[in-house]
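Just below sit the structures, each encoded as structure tokens.
What follows is a pair of complexes built around chain A, which joins chain B in one and chain C in the other.
Right after this comes the complex of A and B.
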């Protein structure tokens, strides 16, 4: 058994397609989020966040993350744009490991610049991105893989067992982290009468902060069966998520339901980026075989429909 | 059973697996609701903070069920020489413009929403005598930060509490000053203060009423008022950034 575990850890890298998808979505999240917040960047993280100084200086983040606290004006804008660029590099998979590391460093430097902006999504993002620095997320669907295809693979500095072990252990830690997010929150939920009573989802949807469409969608939010369905689905899917992952059919159901739940939270509660982070990480749980099948299906559709291919070129 | 020979590969895999296992166990224990096992190992899982802090509630156990706002008011000397007070400026409302009817909300939409809780906690942590000191301030002559600190310590010698309280109080006074100057750029403020306002949402049982009935069914708002504080403006860049933000989202 030890020998089998050792072989599993050292002989090859697992979930490489899923990690490629996760890499693309996380890079997109960083780049697009900063682009979307461009007009309010100064109030959010720049000069306009200077009033938080007494609080942020008391936090125990290391000093090397102080870049965005030390720059202002055009220098801040340049650092902000560089962060977007690294997010894009991570997304497309150019110098994947280096760009992942730089995206993490710059994103964290930005994150600590205002202690009142962080969210649960940021917490998952930073943990997963740190683990991502140890995985080979650029093996597929990346510029790196295309370059490797053209010029051939460069002889690695370290033996395969070394990088494979780091890759596989980091993958396990990423999956474990996302499972713990669901299970821990489900444990809190089952202790609460509001969740057990099937009305919990109603309350945030009545607040100004977590209900951007409240005035338009009130009739939906006031419908008891919808609220009860959403509340109980959230508890069941989160609580049984690790169990549902064991068998392929239940895993498919779990991933569809959890993705639907996140899209619902993201769209109706206005926290789309938190949802995207969770969806990105969940993509690792789709097997490499499934990703390959999906890729082949998309390819066959494109080949079978040359008009579509033409339109793609345009 | 094939027993692998001890080699550099095996040593590395063993060490890396051990590190991963420790991290796995620590994350598990820190993430789950407090229990006897997580409490027993608590001193050994502190390394997780702040980078790996595990606090996954996702609206549990009690989902947010109230609107929370931070409002600012300024005191100023009017042209006739009398001291007047501005109307309340609801800064949370300004920020919520980034959330309302937006598929992708701006990150600045939740700043005072996230300031609300820790500020309230620090305020509530003051001893009764200190609370009295913090409120008994004059809007024509508010105390300097050093004077306020000395008075709070004189009321009750709890330096840790006072330091934490003043950290948040000072930050909020600075935001209040910048925000009020953005709203009323030509007024010379002599003092600023804030109010924490919370109001429960429409009760579940009242959800089918008309808009008027639903509004009437909401619990009465609860307010916590701060004392008057010395205006504490940020530097020119900070004030400009906050004024720009206000202009875009008022």
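Right after this comes the complex of A and C.
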């Protein structure tokens, strides 16, 4: 068994397609988040965020993450734009590992400038991005892979067995991270009377912080079976998520349900950023075979409908 | 079979040892993160919260609040007013401005709101948190503080009224932060005059029970308010004031 585990770790890189999808979505999230916050950048993280100093300094973040705290005015804007550029480079997979590392470094430097506006999504993002620095996320669906196809592979910097080990262990850590969030969340839920009573989902939807639709959807929120269904589904899917991952048919069900849950949270509670981060990480759990099949299906559809392909080009 | 096979011979014994050590590190790291996020249990107690915190803090820290469902059953409010002098007129106390309501208005129908729109609510959550952490006798002291009350004096009074120095220290930190924020906000909001003093208050109200969803509305529930005494206005740098001006008056 130990020999099999060692072979699994050292003889090849796993989940390379899923990691490519995760890389693309995470790069998009970083770039789009910064674009969304562009107009308020100084107030949120720049000169206007100095009032948070008392509390932000209580955390012992390493000094090398102090970039955004030390620059202001045009220099801050340049650093902000460079972060967006690296997010895009990560998304398209150009110099993938370096751009992932730089995106992480710059994103974290920005986060440290005002942790007060951070969210649960940031915690997951920073951990997954750290692990992403050790994986080969640019092996597929990236500019790097296209360049490799044209000019051929470059001699690797480190032995293949070591590179594969780092890749696979980091992949395990990413999967562990996402599974842990679900299971820990479920453990907290089952200790709470409102979750056990099947009404928990109702409460945040009533608060102004989590109701971007205000009273528009109140008739839906006030419907007992809908609230109970959403509450119990959340508990069951999260609690049994690791078990459901073991068997392929149940894994498909689990991924569809958890993605639906995140989309529901994002759309109805107005926290799409957090939801997208979780969906991005969940994509690693889709097997490479499934990604290849999906890719081939899309390709075959495009070939079968040349007119559609033409219209897409236009 | 690997998803992405590599043309390489199986690793040698010394390489296997390196893989084993790396694997062990991953296992230990995973266990520590799991214990950090998990609810209280004998295993977690065995390791100890302080030991876990020293490992996860700050990079691997994940707030239990993000997975704790009880954190989202309340609605909160953060309001600010100021003593402002316009031109040669006598200084006047402004009306209360509900910053959380302004944020809610800006976030309406926005599924991916800018982060700036959570600031007032975060302040309200933290200030409510530090107020509830104080003893009832200490809470009575807070609104009595005046412009002339030095922070060190207020801290000494709070410490004398209870035996929770860490809670008092947290209160002082968040109170100072809120004073700076309220001052910069007030200067931008009432930018026609000089802001001399600021005051803020935070409120919290709980969503009515699900069983009463057809009769009781959250909007009808009164806030439990915590008022803070008047404080001298903080002026901040020119760049900070410009950043606030740009947001508040946009």
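Convention: the second predicted complex is superposed on the first by the 314 of 314 C-alpha atoms of A that agree within 3 Å, B and C clash if a C-alpha of one lies under 4 Å from a C-alpha of the other, contacts with A are read in each partner's own complex, and residues count from 1 in each chain.
Assume contacts are C-beta pairs under 8 Å (C-beta built on N, C-alpha and C of every residue); 3 or more make two chains touch, one makes a residue touch a chain.
Here the structure is a predicted model, which means the values were calculated and not measured.
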Superposed partners chain B and chain C on chain A - clash or fit: clash
Touched partner set for A:252, first chain B, second chain C, both or neither: neither
Partner chain(s) touched by A:192 [first = chain B, second = chain C, both, neither]: both
First, second, both or neither for A:272, with chain B first and chain C second: both
Touching partner for A:1 - first (chain B), second (chain C), both, neither: first
Touching partner for A:13 - first (chain B), second (chain C), both, neither: second
First, second, both or neither for A:160, with chain B first and chain C second: second
First, second, both or neither for A:236, with chain B first and chain C second: neither
Touching both chain C and chain B, counted on chain A across the two superposed complexes: 6, 9-10, 36-37, 39-40, 42-44, 46-48, 50-55, 58-61, 72-73, 116-117, 119-120, 123, 126-127, 130, 159, 161-162, 165-166, 169, 172-173, 176-177, 180-181, 184-185, 187-189, 191-192, 194-195, 199-200, 202-204, 206-210, 212-213, 221-222, 267, 270, 272-273
For the chain A and chain C complex, residues of the former touching the latter: 5-17, 36-37, 39-40, 42-44, 46-55, 58-61, 72-73, 116-117, 119-120, 123-124, 126-127, 130, 139, 159-162, 164-166, 169, 172-173, 176-177, 180-181, 184-185, 187-189, 191-192, 194-195, 197, 199-200, 202-204, 206-210, 212-214, 221-222, 227, 266-267, 270, 272-273, 287-289
Residues on chain B engaged by chain A in the complex (per definition of touch): 1-4, 9-10, 12-13, 16-17, 20, 23-24, 27-28, 31-33, 49-68, 96, 98-115, 118, 166-168, 170-171, 174-175, 178, 201-202, 204, 207-208, 234-235, 237-238, 240-242, 244-245, 248
Complex contact set, residues of chain C against chain A: 1-6, 8, 10-11, 15-16, 18-20, 22-23, 26, 29-30, 33-34, 37-39, 57-70, 72-76, 100-101, 104, 107-116, 118-119, 121-122, 126, 173-174, 176-177, 180-181, 184, 207-208, 210, 213-214, 218, 234, 236-237, 239-240, 242-244, 246-247, 250
Chain A - residues contacting chain B, complex: 1-3, 6, 9-10, 33, 36-37, 39-40, 42-44, 46-48, 50-55, 58-61, 72-73, 114, 116-120, 123, 126-127, 130, 159, 161-162, 165-166, 169, 172-173, 176-177, 180-189, 191-192, 194-195, 199-204, 206-210, 212-213, 221-222, 234, 238, 267, 270-273
